[in-house]
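You will see two complexes here that share chain A, one where it goes with chain B and one where it goes with chain C.
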Partner chain A sequence: MAVRSDARVVVTGLGIAAPNGLGSAGYWDATRRGVHGIGRIARFDPASYPATLAGEIDGFAAEELLPGRLIPQTDRVTRLALVSTDWAFEDAGVRPEEFPEFDMGVVTASSSGGFEFGQGELQNLWSRGGAYVSAYQSFAWFYAVNSGQISIRNGMRGPSGVVVSDQAGGLDAVAQARRQIRKGTRLVVSGGMDASICPWGWVGLLASRRLSTSTDPARAYLPFDGAAHGHVPGEGGALLVLEDLDSARERGAPQVYGEIAGYGATFDPAPGTGREPGLRKAIEVALDDAGLAPGDIDVVFADGAAVPELDRVEAEAIGKVFGPRGVPVTVPKAMTGRLCSGAAALDLATACLAMRDGVIPPTPHVTPADTYDLDLVGARPRTAQVRAALVLARGYGGFNSAVVVRACDR
Partner chain B sequence: MSRRRVVITGVGVVAPGGIGSKDFWQLLTEGRTATRRISFFDPSPFRSQVAAEADFDAELLGLTPHQIRRMDRAAQFAVVAAREAMADSGLEFEGLEPHRTGVTIGSAVGATTGLDQEYRTVSDGGRLDLVDHSYAVPHLYNYLVPSSFAAEVALAAGAEGPCTVVSTGCTSGLDAVGHAAELIREGSADIMIAGATDAPISPITVACFDAIKATTPSNDSPESASRPFDDRRNGFVLGEGSAVFVLEELGAARRRGAHVRAEIAGYATRSNAYHMTGLRADGREMAEAIRVAMDEAEIGPEAIDYVNAHGSGTRQNDRHETAAVKRSLGAHAYRTPMSSIKSMVGHSLGAIGSIEIAASVLAIEHDVVPPTANLHVPDPECDLDYVPLTAREWPTDTVLTVGSGFGGFQSAMVLTSARGGAPGGRTL
Partner chain C sequence: MPGTAFTLEALKRILLEGAGASEDVDLDGDILDTDFEALGYESLALLETGGRIEREFGIALDDSALTVARTPRALIEVVNAHLSTTPAA
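Now for the complex of A and B:
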């Protein structure tokens, strides 16, 4: 296929693994009803740590869903990614073996790779010696593992990639996937998945100094609330099947959730420069790329850091673009915790489902602080026609990304 | 609409055997090797005890104590290399529109050295399952998520445009620069600071490559342990380092009178969808990446003057790659010099793709191709011209550089001199 810089790139399949639901049907059912998946960490005893709550995925039986030989060589995050990809293909009605092999690629985001696997092998190294380190360590933990394993399992020989931009990565991956499709690859699996709820990962996350120390799952992660005091981390994310619109129509895709219509990314100015943070610029670039005006956006899926200073920056950026209370804003990740690179990919999938069903999911337990002047979709979901959604994501250290997803008439 | 052309106007290198692109090029053209017995820790418990270490003094190279404290060694490399590249470019970064300058840094294993050290401490030498956070370095999050590498380079450059780390295993260094070139081409940025870094010489990395016998056990002769394409090769030699470039749109670079070092004329990546560490002997996917990169550059195989090989020095790689080059360049493969600088500077995982781009740029500038050191006994299965032992004066206008990595990634890039018109007769 030839390069077509204006080719329309659409989402045709969703694969979701989230703390409040496995599979897109279960996740969406829980999310629109405001059911959260946050609780005291069960995977290990968190009593010795200042933060004890996380969004953990329960009931994921990888052994029943994947070939046995993949289990010993994969971290939990890769099993989640492989199974979510299977679900996304199923949803899209795609049998990868029927696609030309160089016409399919994989672009994923990762924040910490197979970190739990890495903890086990570091422990083997330091407590027992180098000879006890697994032969799988060389590839089970690194950031490229999910893209590699997805491409192998599904015979995808087209362009693949991996980006790391902390929480913004999920959107950056999708933008890169769109780029590859526009350069001629028919189908790209893209999104993000992270799962580092292990003691070693927890110590790393604690070092961000942004974790909530609350022990009440309903009060721990309250983005834009006056009582915001940090976030709850979670595990999971989403993998999406992205395709060239013409190609998707030609093969009779069962549905087109929406079009990846616009993307913008910026990095914050160095501290002390007095320059405005980069989020507003990222939004403006994404809108411009989509050819839409602020008034065309029906909902904003906010990043929702739940750190007062970061909430203020985000609320100001949204306010400057859309005006005070100018657009409905929601943070469904308040129900899952922040999933690192999986978070924005999941928000994008959620935006697709919101467009399909005309429902904006809620931000449970949050009473937005008046100073932010946001029209936050609070405890209850809101019925609304959603023709275009803006998804925002920010990564630790200054990364800002924005994606516009737009309904696509068939 | 004519395509925006992307050129390299600044080069910075941190490599074993030399900090700075000048020392690096001298090492390569003299055919010296920077591989040695590992000095960073006692390697005697390990099967492979050899590595190409960089003699890197962060403070001497201008990093402040705060920067040193919060950055993993790999991030420090990237910042030092970026500073050299920015100075080399002659750009006045102060006067630029910050949102039009972006950063892409490749890394295969992130802050693995920092994580290894920190794990050892917080676990009290592996004794604790519930590792103790109160013993962690305050900036541990920067090690956990290596997007901190790109963030540090962005801060150093004052860049506020698109910023990310690319982490596709051992092709990261090619893919990061390829990605950056794409951003300029499509108009998302005017200037990109792009390159790659890795500092993997730590016990966990050595142990994990020991476990699959990927690295050399030639511990008695460290200086000649990296022997790509030689029949006696027995694994790669781990390395470390960074190379970072300033990329600009050609017209803008010419208007400001920049010294254009080379053009990134074509780039592509493909996956082998075969095995996380294994390669099929036919080289089909790498050949496809090469073919697409040449297409993008609008050149045929005959235009390639030099192939900068992945040449890791494992039997499976060297044969796979030789097959891929023959498959994509045809008869021209036999007429084209092809060498592996990993014979001298080792294999720095995600960084090496960028370090090899730097070598390719320097080859174009000097009309000299670096040798494959330690190549005394050719592998009969590898029958191309691998430039054994000594650098060669060779008219070099167009270079193909390739990479191959765990996860099945295969990438290729075409670099040209940008001296005259465009390759393939395109006009400006």
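Now for the complex of A and C:
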């Protein structure tokens, strides 16, 4: 397939694993009703840690969903990614074995790789010696492991890779997938998945000093609220099937959720320079790339850091582009916690579902501070025609990314 | 466990613990002369299996042992040859 820099890249399949729902139907049903999945950590005893709440996925039976050969060599995050990819293919009506293997690629985002697997092997190394470390540690912990295992399981040998830029990664990966499709790859599985709710992962997350130490699941993660005091981490994310629109039409894809119409990424200036943070510019670049004006955007899925200073920066960026209360803003991740690289991929999938059903999902438990001047979609979902959505994501250390997803007439 | 013999049953148990089993393969069938690759075990699975045999039976296999022994029968013979020359602990 020839290089076409203007090729339209569309989402044709969704695979979702989230703390408030496994599979896109369950997740979307919970999300539009405002059902959250945050609670006291059950996977280990969090009593000795300052933060004790997380968004954990319940009832994921990997042994029933994956081949026995894969279980000893995979971390939980990879199992979630593999199963979500299966679901995304099923949703898209794609049987990968029917595609030439070099026509399919995998580009995922990751923030931590297989942390729980790595923790177990470090414990083996430390307490029993090197002979007790699994040979599979060689890749099971690694950032690229989800891309690699998805590629192997589905026979996808086209352009592949991994993007590591914390929350922004979920969008950066999709942008890289779009580049590869425009260079001629027919189909790319993209998105992000993270799951490091284990003591080692938890200590790493705590080091950001941005975690909420609240013990009340309904009051712990309150983006844009005057009572915002950090976030709750969660596990999960989404894998999306992305295709060239013509190719999707040609094979009779059961649905086209939307087009990845615009992308912008910036990096914040060094602290102390007094220069404006990069988020506004990322939004403007994404809108420009999509050929849309701010008035064309029907909803913004905000990053929603729930750190007062970061909330202010984001509210100002949205305000400068869209005007005061100029666009509905929602943060459905208030229901799941922040999923690291999985968060923005899940927001993108959620935006697709919002466009399909004409429903903007709610931001439960949050009363936005007046100073932000945001039209925040509150505890109730909002019925609205959604033709274009803007998804924002920021990664720890200065990453800003924005994606415009637009409805696609068939 | 120096001094004991390495059996097919022990190999199957170690394979399952370390690397799992392919759904297409019946490990309880006649596998003694089937290539590990045909049983669904790639080089990393054999590396893990070799490591587990070494620490359980207190022996040190040559690096090449696992690449040369391509079937369960061959691997069992290699391990038993080591066991017979390794003094009991």
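Things worth noting here:
The rule is simple: the second predicted complex is superposed on the first by the 410 of 410 C-alpha atoms of A that agree within 3 Å, B and C clash if a C-alpha of one lies under 4 Å from a C-alpha of the other, contacts with A are read in each partner's own complex, and residues count from 1 in each chain.
Everything that follows uses one rule, which is that a contact is a pair of C-beta atoms (placed from the backbone, for glycine too) under 8 Å apart; a residue touches a chain by one contact, two chains touch by 3 or more.
Everything quoted here is computed from the prediction, not taken from an experiment.
Once the two complexes are laid over each other on the shared chain, residue contacts for A:Lys281 go to chain B alone; chain C is not touched.
In the superposed model, A:Leu70 makes contact with chain C only, not with chain B. When the two structures are aligned on the shared chain, A:Ser138 is found in touch with chain B and with chain C. When the two structures are aligned on the shared chain, A:Thr367 is found in touch with neither chain B nor chain C.
Set against each other, chain B and chain C touch different numbers of residues in chain A, with B touching more.
Of the two partner chains placed by superposition, only chain B is touched by A:Trp200; chain C is not. Shared interface residues of chain A, touching chain B in one complex and chain C in the other, are 73, 131, 134-135, 138. Within the complex formed with chain A, the chain C residues making contact are 17-23, 40, 44-45, 47-48, 51, 54-55.
Only residues 45-46, 98-99, 102-103, 107-110, 115-116, 119-120, 122-123, 125-127, 129-133, 136-148, 150-151, 154-155, 158-169, 172, 175, 179, 182, 186, 188, 203-204, 206-212, 214, 268-277, 285, 288, 405-409 of chain B touch chain A when the two sit together in their complex. Interface residues of chain A, counted against chain B in their complex, comprise 5, 44-45, 48-50, 73, 101-102, 105-106, 110-113, 115, 118-119, 121-131, 133-135, 137-139, 142-145, 147-149, 151-152, 154-166, 168-169, 172, 176, 179, 196, 199-208, 265-270, 275, 278, 281, 340, 395-399. Across the complex, chain A meets chain C through its residues 67-73, 131-132, 134-136, 138.
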